[in-house]
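Same chain, two partners: chain A is paired with chain B first, then with chain C.
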Partner chain A sequence: MSHANAWIEVCAADDIDEEDVLRFDHAHQTYAIYRSPDDVFYATDGLCTHEHVHLADGLVMDHIIECPKHNGRFDYRTGQAKGAPVCINLKTYPVKVEAGKVLIQLG
Partner chain B sequence: MRESAEDIVIVGAGETGARAAAALRENGWAGTVTLVGHEPRAPYERPPLSKAVMVAAEAPQPPYILSAERLRENDITLLTGCAVTRIDRAAHAVELADGRRLGYGRLLLATGCSARRLAVPGADPGRLHYLRTYDDALALREQLRPDRHVAIVGGGFIGLELAASARSRGCGVTLIEAGPRLLMRGVPADIAAAVAARHQAAGVTLKPGVGIERVEPAGTRQVLVLSDGSRVECDGIVVGIGAAPNTELAAHSGLAIDNGVAVDARLATADPDIFAAGDCCSFPHPLYDGRRIRLEAWRNAQDQGALAARNLLGAGEDYTAVPWFWSDQYELTLQIAGLPDAGVHTVARPLGDGVQLNFHLAADGRLVAASSIGPNAKIAKEIRVAEMLIARRAQPDANALAAPEVKLKSLL
Partner chain C sequence: MATAFTKRDYSLIGPEAARAAEKGLVSAKWHGCEVPRKELKELMKREDAPAIRDTLIWFAALAVSGAGGVYFWGSAWCVPFFFVYGVLYGSASNSRWHECSHGTAFKTRWLNDGVYYIACFMTLYEPTVRRWMHARHHTDTIIVGRDPEIVAPRPPSFLNLFLDLFALKAGFQLIGSLSRHAAGRLTEEEKTYIPEMEWNKVFVQARIFLALFVAVIATCVLTGSLLPAMLVGLPSLYGAWLSLVFGISQHVGLAEDVLDHRLNSRTIHMNPVFRFIYWNMNYHLEHHMYPMVPYHALPALHEAIKNQCPAPYPNLFAAYREIVPTVLRQRRDPGYFVRRELPSRTAAAVEPDGAALAT
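Our next item is the complex of A and B:
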């Protein structure tokens, strides 16, 4: 995989409000990109680990993303599942901001 | 409490009982946990029964809440296929149908509901389908074959979700509702009208305001004779006319019943060692002037199970969660937070694309409910924020609620 660990451009930093989330699809995978209330960017897998629902349609409160379907909650900084109905953690990805662009490291 | 003080028994292994059992361990309970269920399998999630289990090409396994492995890891004893026949409150023990007795220090009743049975002349009970369990779902799946016609009795959530599933499997569907419209209980008329329109567009024949006079056999088929004189010939009859709380056990042991096992805000009965939670109980809700309500909803079942577990361990917490439920039909999701009938006026938030979102306000301007139908991605966040506003007893500006350019989150 020559592109493993490559940094992929997601969007402009301004495209995501503080305390909000954006869906990002790349190479048949879907991701959720977060901007925290303290203006730090994070990325996780885009689908809830309970049922296949896009987390980017859910609500960000502080450092929690809540699945829009059944309110499963994750800490999007670590991917940690915060209790029923979710018990499987989300995978997280490194994110950086360069020249006003958000980049995610996949692989 | 007697020698069995270290034993907690949970009657009912559905969503509530399973969540309670898990929560006891999460909260550090080191005594025994025994979960008694009447079904032959480990606790599983019921919402998929009317949808994914119906439409999947092959019947999926039940989505287990507590798999055998998790039960073992958490040292939870599950007794399957067991009916509890009596609570001996004086001796702190429950009796099972097979003659066993289980001592308890604390007891949680999570007995859920049973489907209301259709009683009309000529109906053969063996040829009526109901949907409560995974086994019910498997039997019903067999009926939903292409080119068959099914009659669905009842325009509530189970009937409507099954109508959508049946259509997607290629069945013809006639849905008969005795009330004047669909979803009479707890769903505003305009949301119900949107549901009706979507079903009609999918080819479902809706017959509201019509009763069933009798059922006549017609070989392998059956005919429903309706109060308007029409006849519906079908290959299968599915009944979804509501559910009644399973209260017999509590009633026979002298506990108060009031549209469910009557509990206080902590989900405790008058017996300090017996709690009840989930669909089977009614409780006073602090957000609605202490009005006693009973909910048949997945999240309530979970949350009350978890809270009852903490209170079994002495936490003394009140249950204050905003009522919330959803229903998926076709590509649409219906979501309601709060109790719409507690509102006296309604503010609509125009979101376009046929999405409906209503806020229900009390006379003093307090937000008491929000109701919505549309693609889940369009409505879920809005309803979630509305739920937080309801929990905070917020009195949001009606103009801001009606203005989609004002972020709801900014009203928190």
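Our next item is the complex of A and C:
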């Protein structure tokens, strides 16, 4: 079954603290779902583009996610890599909240 | 009884690199002790205050000891001042570049970067090369053929360890690498861990470092005195001994090719002076398991996971009582290593080779 452009339910909005991140695995892929300090939700690929490390184990500081292994930093709103040791941007995904649920659009 | 052992190739482009990949040891998943997410987030939080305080104390101590060395230059009284100055310059800098390379010393990015470049110069490390080299060390800690920071490849070389005591090996290597990088070239090994987009930075930094060292030598020639080099340059050599003493205690004698930092890293209780110079890297197991926890939060992380880890060493002497006989034995039996005892309810993620376990 294809998930292109499908909205997939991730979790309840309250499951993610403000300025924090949650790991979401779906269809053999892993994603990171963020809740920013200003209470907006975002989603990116779940693995750091430098090494095979789950970003959901890292630290969210304002709009930056820091990889827990090597201090690689990304702006999770845009996926932009913010300098060594990460050189490749993260893929981002549309997110919406409906009826208290966080949904991610994969495709 | 001696263990059957084939001498291994510790280079990053030899057969051991391919062997590590075949065994699933490259960029692998490592064991992590359980720490509740909320607690870990608190531990990872960044602050400027502790590192600003420690850096001001460090710079002030450098200024006072350096001024004493200059004042008493020409008499024996300068020796104790340069002894202290050398340790602060050549050894304390080693822990500073390290913590700043992780971006955990300060909350403010430019403070991390500023102290990183200064401390790298003091330790004779090229900033961009070392940043990538150290990232690899954390990805593949003590994995033969992958980790470029293995201090004592087996069988250990006493000559290399002696040279390291005064950073002589690093010094000689730096002359070669600065010349090579200033000319715009990298070795094949360096290309395995430094991405191409960073190469130009390496070349520019090498030229700056060369210019700084030439300036120090020129000042010595112009003033007809060794004193300028005693303040900048030489303390990287005569003050490096304590960082080697600390560095050996981190991993030497423990298992290779395991995916569990509890088996290849030591945590050692140390006195406050050592912890200041070393910036708490005596909590080395904890640092490797959670490298984004700042140095000032490592004692708290140690408390949080100590029940899931082998017993820490009570002091540096106790660690060396294990390390020295191990290194001596590895000279004739390179397969031998210290197998750390894990708490009974936990298990290692991956055990070392069966052959190596026969200790």
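Simple rule for what comes next: the second predicted complex is superposed on the first by the 105 of 107 C-alpha atoms of A that agree within 3 Å, B and C clash if a C-alpha of one lies under 4 Å from a C-alpha of the other, contacts with A are read in each partner's own complex, and residues count from 1 in each chain.
By our rule, contacts are C-beta pairs under 8 Å (C-beta built on N, C-alpha and C of every residue); 3 or more make two chains touch, one makes a residue touch a chain.
Here the structure is a predicted model, which is why all the values come from computation and not from measurement.
Using the contact criterion defined above for the overlaid structures, shared-chain residue A:K69 touches chain B and also reaches chain C. Judged by the touch definition given at the top, the superposed model places A:H52 against chain C, while chain B stays out of reach. Shared-chain residue A:P85: touches chain B and chain C both. In the superposition on chain A, the residues of chain A contacted by chain B and by chain C overlap at 58-59, 66, 68-71, 84-85. Contacts from chain B toward chain A in the complex involve residues 19, 22, 26, 45, 298-299, 302, 306, 326, 376-377, 380-381, 384-385, 409. For chain C in complex with chain A, the residues that touch the partner chain are 27, 29, 41, 44-46, 101-104, 128, 131-132, 135, 138-139, 195, 197-198, 290-292. Within the complex, the chain A residues that touch chain C are 20, 50-52, 58-59, 61, 66-71, 73, 84-85, 87. The touching residues of chain A, when paired with chain B in their complex, are 19, 53-54, 57-59, 66, 68-71, 83-85.
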